[in-house]
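Note that the chains take the letters A, B, C and D in the order they are written out, and that residue 1 is the start of every chain.
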């Protein structure tokens, strides 16, 4: 059994990790750490876990094999500076601290996008888990990057669920505001753009074109719907490109190309990514959907753990989607 | 023109008052008072009012004819203790301070349920505007109280929209929590029970039976849906009772009895109350719907103002419902 | 491996069965039968199953060990009259055909409420899977029935998600109608009342008091929230009764008593039932929540299958809830 | 009083027209025509109108001054071929029949975008009311077209509420499907593209660049949120352009430029259009919001009527927004 510790245990991504790991056949949760709730039952904060665990929040870990950092962005560095991990303990960071600056105190963090870095991840000790928006966009673009077909600007609109904004209540997550509402935030300057660019290069793109990215807040709780297009000047037949998408993901158990147009709930509560590709007006148009908390965060983190520990990639991740 | 001042101007009920009063043909909004936002444009807080008003939040009022108190419950007393109103200024309090204790510093507050106290309100200077849950339940029961037919326990489930919980964000108004969710709160002990009981007596009930009231939080923004039943032992034919409901509300321009079963959105964004009555299992079952912010708060407050100033009761309140 | 056939394969409960059974470690889906979609990929109808199955809809079954009937209410009889099942094939009917009339052509259908009939189900060949509303109400009342404490009228309001109304679109499932809306239907006369009454008797109640049941349509997709109360005249201390609830369900892996008040999403997308108990006004008040498609239909059907085939009751049913 | 007849009276846009016109001070609704519901009370179909009208659906009109056609797209021609209108009767067509082919049987239909064609509309007898998506996009682009600054491709994502799909229930308007969901439809080829192009030319654009338009289905009932950008190579200071937007709409009582970013509900249930403008990456980015049923359909139709009959443009259209 892999002994796991979860740090930052009261937040959304920690809750989602617990939901997944409590049913993972090869994991034992050693500790769930929260400085604010020490001694409290985990199921009193993550109320849906009633009957599934008797764990209490702990102040610190014991001897985990792997530690998941579910802290706010910027706080993982802090944590690692202040806490000495046991010998050999691996790290999976769900924050953004090491995605673009992967070296810290002699540790090298591997960017944990399994569909791109599967082999590196198998050998890695430290993982920077990708951002949710970034995951949805990268899955849509990796096959084009691999063929070095990203030559022109990329246009992205992506709409995210409210859980992407975290647990702390605020104006734009107030139900009275958000229900039946939509809004744009940080247009053209979202912080995930850097990791998207770096990843496309790593995937084989000789250049990273400008990405015009308009993120939006949707009035749903889970999921990201990304609509992406870029010029298609290639002489390759369109069907051929769709086939290359399928080949690219043939070994990936969670990413699929749909012949039919897709709707967000087809992936909600699963670790899947679905893509749909059409060609119009001289553009290739890709829609890409993931669950922001699963494939966009905690599910992908477990997928990384599975690879790091030599398990089947899908272990504990064959989740029943909610569909409705 | 009636000069109006609104105190507590940044909250939900103040915003809704503004939405109504800005289009009221006989009202001039003299001041919108907020201690926290003095000098700020009103339309920066109530963003939907852009283009409809250039008012700024003020520190205090000038010479209003009527002042609407949109403060948190318990704060109206405070305000009246600390502020001297101009001679002759009327008060409509949307809080619960004077609903059950109507006398304060020599002022007598009339309970502003227009359908019951229309004539008293016409002569009143001070109004305690009814609570939202209370309004939905009282409208359902007034005709039974008037016939003194409330002899047995009354069973009430009533589900409210998120705006009933006010503007301050919190755990149970977080979109991630509330969307697609339901919960019970304060079962059997909601604070509106007292005003409901008092009102039924005032309406003619020789007794006030026990009211078993289960309030619920719904995953919608506006409206209250109340489902109410009590024993029906009367020898009166059922159709006759329905007719008496219709007669009771014949002079009330906002309350109607529907022959068909009703759904909440039939009243949302209007000042209407709709009732539907059936008889089953020896019970009379009444469903009652209002918009909590309109008939349950600010619309009813304007209805009271209209009566107090001798205007047509519906002035400024013929609102387009949203229906969807 | 248990070979399974699913009849009525395009509907909601069939889809949900597939979502569960595709990941069940001891099940092989032999056939998914739909007279209207023969030859079509199952994942074209249940779009979220893309990448999880290559099954096609079939016209008929081969040699299943168990057949799940996911037909409209009243159609299971028809199906069994027209189709000859293989020798020894078990049946789990998700419709209401055999809940109240359990004998059909020499077959005796056991009422599949595992928490009551666990031992009978282990020996049964034919199961009538309980209704969704009925399940939520029965779980709330079984411990009281077992103590023969149901002496007075029972008051029930229960609100259901839209998936309870099935796949065929109609007026009350139109998004424009249902979003942010609420309505009552079939008050005091819902068809599940009979099976609830029968079950309470079977659970030990010497009588079945009148049940005043007001079902409502909620503006969410999954789940039933039931709020139930009945007179509490017992001399038993209240804490003692709560302990008896816990004892009653001690051996049941999916039903739990929550000390804190509950909200619907704590069970959504899981096979759990959660109960919360309070005492007020001389009443015992129980709130009860389930996912109508899982514990209220397909999950419970799999739970029954597990028992019938001697498997651990929770096999394939340790589902990650959606929580949000 | 203007005598009005509404044809196609049971649909969504007819209902919304009724909601507006019943409170219009200078309108008398002469007839609401529906071939399927003759003799039925209008308030039995549009249930929220209970208490507001006793009108019955009629088979035909009498002597209206203006007739609103609320028929399905393509059916207005049919209607006009089969029905002889009274002498002098004006027509406002809410369908798309005459938007791009404005001449029919000697009648010339004026494109009813008030913000562009105000003066022409004042003199027109026949109006082709703009489409909802088109309205949201055109309002965003008119000032650029007027300055002839549309030189490059235009990128548009626009998300619409479910009422845009009409009353007939179907797969993509089923609550179980649509709630918490998102999907793309008709990407790059929506039928409104033609009227957008024609209008931009009429507004002063010397060319109509390619418009890359991705329409989406949102999980809300009312409203369109459009996010639009195009290259900004102009030497004009950015603030200057924003001022030109404000000037362009200075005489338009319903369209406003917001300094702050906007969210959809700021216009829901009103006839307003709000715009917000930013500059990033060499692009001008405009967000544009309207209520699809009001400014995008019936409200705009009444605005046209007001202009045609010499009334104040805002008569009957100072609607209380819902805000929540």
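List of remarks:
Basically, contacts are C-beta pairs under 8 Å (C-beta built on N, C-alpha and C of every residue); 3 or more make two chains touch, one makes a residue touch a chain.
Everything numeric in this text was worked out from a predicted model, so none of it was measured.
The chain pair with more C-beta contacts between its two chains, of A-C and A-B, is A-C.
Of all chains, the one whose Cα centroid sits at the greatest distance from that of subunit D is C. If each chain is reduced to the centroid of its CA atoms, subunit A and subunit C end up 34 Å from each other.
In this assembly, the C-alpha centroid of subunit A lies 46 Å from the C-alpha centroid of subunit B. Counting partners per residue, subunit A has 12, 161-163, 176-177, 179-180, 219-222, 262-263, 265, 268, 324 as the residues that reach two or more other chains.
For subunit D in complex with subunit B, the residues that touch the partner chain are 12, 15-16, 19-20, 23, 44, 46-48, 50-51, 161-163, 179-180, 221-222, 254, 256, 258, 260, 262-263, 265-270, 272, 274, 293, 318-324.
Looking at the complex, you find that subunit B touches subunit A at residues 12, 161-163, 165, 167, 169-171, 173-180, 219-221. In the complex of the two chains, the subunit A residues touching subunit D come out as 155, 157, 159, 161, 176-177, 179-185, 187-189, 210, 212, 214, 216, 218-223, 225, 227, 229, 261-265, 268, 278, 280-281, 283, 285, 287, 324.
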